[in-house]
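The structure appears below as structure tokens.
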Amino acid sequence: MLREQIQKFCESEYDFYKREDIVKSSEDFDSNVWKLFAEQGWLSMAFSEDSGGLGFGAIELSILFEEFGKSLVIEPYLATVVLSGSLLDKSSYPHKNELIEQICIGDMHISFAYAEASNSYDYLSVNTSLDSKNVLNGTKTLVLNGGNANKIISTCTDGNELKIVIFDTNTNGVSINSFSTVDGQSCAEISFENVQLDDKNIIASGEEAIELVNKTINLATLCICAEAVGCMESCYTKTLEYTKGREQFGQPISSFQVLQHRMVDMFIESELAKSLLIKAMLEVNNNSEDMTKHVSALKSYIGKAGKISAQDAVQMHGGMGVSEEMMIGHYLKKMISIDALFGNSDFHLKNISN
Amino acid sequence: MDINFSKEDIAFRDEVRDWLANDYPKHVKEKTDSGITISKQDLVDFHKALSKKGWMGYNWPTEYGGTGWSASKLYIFNKELGLAGCPPILPFGVGMVGPVIYTFGNDEQKETFLPDILNFNTWWCQGYSEPGSGSDLASLKTKAVKRNDLDEEYYVVNGAKTWTTLAQNADWIFCLVRTDSSGIKQEGISFLLIDMKSPGIEVKPIITIDGDHEVNTVFFSDVKVPAKNLIGEEGKGWTYAKFLLAHERFGIAAVGSSMRELDRLKKIVNDIDNDDLRKKVGELEVSLSALEITELRLLSELENGGHPGAESSILKIKGTEMQQKISELFVEASGEYALMYPGPHGYGSNDKPAGPDYAANGLSAFLNLRKTSIYGGSNEIQKNILSKFVLGV
Amino acid sequence: MDINFSKEDIAFRDEVRDWLANDYPKHVKEKTDSGITISKQDLVDFHKALSKKGWMGYNWPTEYGGTGWSASKLYIFNKELGLAGCPPILPFGVGMVGPVIYTFGNDEQKETFLPDILNFNTWWCQGYSEPGSGSDLASLKTKAVKRNDLDEEYYVVNGAKTWTTLAQNADWIFCLVRTDSSGIKQEGISFLLIDMKSPGIEVKPIITIDGDHEVNTVFFSDVKVPAKNLIGEEGKGWTYAKFLLAHERFGIAAVGSSMRELDRLKKIVNDIDNDDLRKKVGELEVSLSALEITELRLLSELENGGHPGAESSILKIKGTEMQQKISELFVEASGEYALMYPGPHGYGSNDKPAGPDYAANGLSAFLNLRKTSIYGGSNEIQKNILSKFVLGV
Amino acid sequence: MLREQIQKFCESEYDFYKREDIVKSSEDFDSNVWKLFAEQGWLSMAFSEDSGGLGFGAIELSILFEEFGKSLVIEPYLATVVLSGSLLDKSSYPHKNELIEQICIGDMHISFAYAEASNSYDYLSVNTSLDSKNVLNGTKTLVLNGGNANKIISTCTDGNELKIVIFDTNTNGVSINSFSTVDGQSCAEISFENVQLDDKNIIASGEEAIELVNKTINLATLCICAEAVGCMESCYTKTLEYTKGREQFGQPISSFQVLQHRMVDMFIESELAKSLLIKAMLEVNNNSEDMTKHVSALKSYIGKAGKISAQDAVQMHGGMGVSEEMMIGHYLKKMISIDALFGNSDFHLKNISN
């Protein structure tokens, strides 16, 4: 039901031309579309009822992202709702409800600054420092949607333990440099120079902070994997459609056995990826002990199979495949960005092999 | 989408495990656990033990003495037997000809053949492929000509069937034969049951590259087959054959046994501490998990009344690839010792070479399993099927 | 089998290296060395410098002002330019239309066009593919109708050509046009040279997935083309087109530039100390070496009077796969920074992001190079060619 | 010319049925065939003229082995001529000429015992010990043709440096256990229990011994790679021939595009492997500094590509491919044995990547 709702929305409100308009506009996303997301309840669905949300979990988020993947939705749902919102939701931060409420109605964007230049996927090794007087210094990189955020959630260390802080982006000493991403979104490099915070800016410390980072990244990883699974299905269905309509040498190119078997491979890989997604989303939903392992298995699989699938889709679309004006090349760019985020295929394979 | 098992299913799983722990013949278990090839008698003992428990008719409806199990129970049964390292249940009787007989046979045929299948009193083999026919099954040439002598109606069968698994042990063979050559090739095919003791039958071994004798060519020279051994109608054999192929989905992905093998492999690879192999094992673990859940999803569709049909080709393709890749990694893990190969029956206990135990077994499996992507409709044919039914091209 | 170079070849190699060190325009070198996109003027300067040295006609016989080089010199020239990171020589004039003109053109055409090609005074582009024709080139629909007005003979051209590289810079385009639709599709095709300034020509950019504008669709609406711009005979264009495709083997494997890129990649991978990537780089090094020697073997056959012909499809397939794989590893080596992509022209100097320099360039190359397995006869078409000419099926 | 000579011999004297007869016989090889090898000059061609050979080098050996690969020759040329003979030839052992002469006329088989159970391709790590009184103790494994050898050359250590010794197989304290190999040859496990040698049994010590082992193994590796290249070409040509003759669904199966492209891939891989072989054999022939690296590149390539090629050949031969009576399955077994010998594909890839 949720799936049908999203599909209907994407069909009527978010076709490829609409998406292209947003990508080409000076804004990183369309605030009207974001408002529609709020109206559909999508911005609140993932939060617990205590925090004012609808209390849905990993399963619904996976479905949402799978459909987002099919339509290549570029709104900053991952940054604001999944990364920042869920982190707040799971935290014991006393002010979280007012923030979550603002996210739910679409009035606030928060970005989570978890990455630094040198930590290569180990998000618990943090150099950004918070001194005893709550002064923050450091540089965060690849902050998703950072250029559009009202607030930043950042990891830092007091020299002793991990801390998570939140503050307005217009606080003195915060400078933000925003860049476009390969999938048409944006990310920022953000530096903190003697940013003065106080105790109420601190969301969590120590064990709680570590658990929040791990669970948040794990959930976000699941979400982009679901997005990849949606991409893979679309790569397959769109290629099938294209090859059936495209004539060469007097026959549709779908009649060539080599292309048929390659599409069969795309279909099979898409189904296998879907299976791993189902497993992983159930494990995360149950908060099982093995959930990280299952998410890593999924991430390692889609990183490789997804890229191959998108490359094959481009190849079988011929010249059309490399044209910016066709949707198909954008799936490949999406798969590149998904593989890059939160550890690539080899990294996650190592995670489960060791 | 429900890929989790019900309480009833869990209880059933425990019952299977219980049987495996207590009633699965110990002498068979000992051999399979230590990688020793089992004998014909071992196979018989294993099947008889299943019969005794009432599980031989795992895929049959209760009215014919079967278990009437749901798809998920079938899945659990197969997986648990695989995990325990049991030999595969021989499919030719209970999985193949049995369902054809109870679906298309007459009452006399049902009474004659079904109980012996369930009790494993008869060993069946399959007469489908012919020398030269390969995946183009319908091009078969083995001829059956009907005669009528002194009120005795019978067929005279001439021709040859090949790749016949364990024909050397079989009591009966079910055959597709050509009773009419006038129409298109699928028509004019009939389904005959033939006693392997009939005069004029000769079984010639085919030794496969692993050195084993598992398959055969069966030659028929003027073999007399009573007309009452015809299943259903003359000329409808192709319909029954297709029914059989569609019906035989049991265990095709071999998830349980692949899990067992991959687990053994993982321990070996951790011992020899090789990063390249560890990575390859990790990839297979992920793929096997994907395959398992895909099978469960198809099951769930089946149980909800869907007809996954052609999608089971995915299980065939990926299941056989998985078995082959695991065996290939056993060979890689054997390092230099992959050089030595004594044949499929090992070196024997007095003559044990240095090097790891798994080297010879791994190589034997690697060579033996090459056939899995060729038989039962080669993986290329499976992709043609998927092209037709899934892609719609 | 001689895959080693003669003394003369070695001396020539040194001469090329000398030119690269001293006369290859410094401002172009600086840009390509630091991964900055070069401008139209840079490209012109590069080609003019080659002209000045007398190397522009690298593949032409001396009688038309070419170098008359042997196959091995051609190979060395291309490899050294690639190793030095030079932009590829634009093939449309000197590599493609030039040989067609000096082989099939009349004296007036030779005098008119050849010197300007050698001096890079005219920028040519190629009008082969059409929207909808793809690899089935002969199905082209662009029409040229012959008219005769007041003693002026000319063609009126209508239609469209697509995937036209750098048409936005071009002075002239050579086109396959349909002058007759009555026979089989390969007949009735003619080869026309068209001035890009002719009224009725419109160039519409195609932006590719790397964000760059390199290719275009060129539309022709009642474009008047003097009849003297027809090459050879009307209706024989397909013959000339095939000649051109067979003639254009230069640099197809891109060994030199792949070596340069792989070398850069190797340094990066050693710095980030990643075993998985190191292994993948090692595999590519081996494959690139295999490709290089294969090209040398084909050269050696050519020089000994052989006609390797279809085997050059190997170079196309493996050369493009190599380029694509190297670029893919650059992306993998970029780790998280593969996320950021500013477009093909970089971030500009004032706005440099954190993360390695190679991230944006790697991604740009990765996206840009997808086309190499599609154009020039897709790699699938190359395999069809090999099936026909090598397998003989 | 050498190539044509070998091809002619294999066609007339060594077809598949002849080979099968030898494999199935109680002997590991056919001594008549071995005599013919001697008559052709093949047993002497690789040795220097000083040692009484024809003075050919790595190039001729490569050609010989490439053709051996096509016909799956199982005679113990690698063990006796390449491993043992070349080692002697390159050594300063005073008695080498008489031994080489016996090899050349086909009267002697010598096996080189370089491997031990635990050294995993590092043939310089040796446990077999030679004490100060020249008493040898230890166990060697996978000694090629060891069961048929008149003499054994073995590596050992005096606790200080590597030594290479040679002695008769019937010396007291030598016990030999012979096994069949997957490619139809034989190898042995050989143990030495207080084998009393004397100084004239010592071929080389220290640096010389190390260099002899390295060069010998390198040359032998080149030879089996050439054999693999021959196998790959035959896999391709035999599969092409088979698919052209085999009809299914009313047409030769070579008319199916999927099989065509797969055979094109086999052809391409065979050509690329051939290229690497040419490079490596020239380097070894020139005794170049990089020769080990080029041999490793070749070995890593054929280990992988050769197995894939043979597997594809088996698959495209269908049931015929897995039948022991057809030649095609034996190429797969040959490729397995070649990958196993002297370090597999991953091992050699590591060699060149580090």
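As written, the chains take the letters A, B, C and D, and residue 1 is the first residue of each chain.
The rule we apply is simple: a residue touches a chain if its C-beta (ideal position, glycine included) is under 8 Å from a C-beta of that chain, and two chains touch if they have at least 3 such contacts.
Bear in mind the structure is a predicted one, so any value in this text is a computation, not a measurement.
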Remotest chain, chain C as reference, centres from CA atoms: B
B-C against B-D, pair bridged by the larger set of C-beta contacts: B-D
Chain centre separation (chain A, chain D; CA means) in Å: 54
CA centroid of chain B to CA centroid of chain C, Å: 54
Centroid distance [mean C-alpha coordinates] between chain C and chain A, Å: 39
Of all residues in chain D, the ones touching two or more other chains: 256-258, 261, 350
Chain B: positions in contact with at least two other chains: 276, 279, 380, 383
Chain A residues touching chain D - in the complex, by the definition given at the top: 256-258, 261
Residues of chain B that touch chain D when the two form their complex: 129, 134-136, 139, 162-163, 206-209, 211, 274, 276-277, 331-332, 334-343, 347, 351, 353-355, 363, 366-367, 370-371, 373-375, 378-380, 383
Residues of chain B touching chain A in the complex: 1, 3-4, 278-279, 281-283, 285-287, 289-294, 296-297, 311, 314, 317-318, 380, 383-384, 386-387, 390-391, 393
Parts of chain A lying in touch with chain C, wherever the complex brings them together: 115, 117, 120-121, 139, 141-142, 177, 179-182, 187, 189, 246-249, 256, 258-259, 311, 314-315, 318-319, 321-325, 329-330, 332-333, 336-337, 339-341, 344, 346, 350
Chain C to chain B touching residues, read off their complex: 275-276, 279
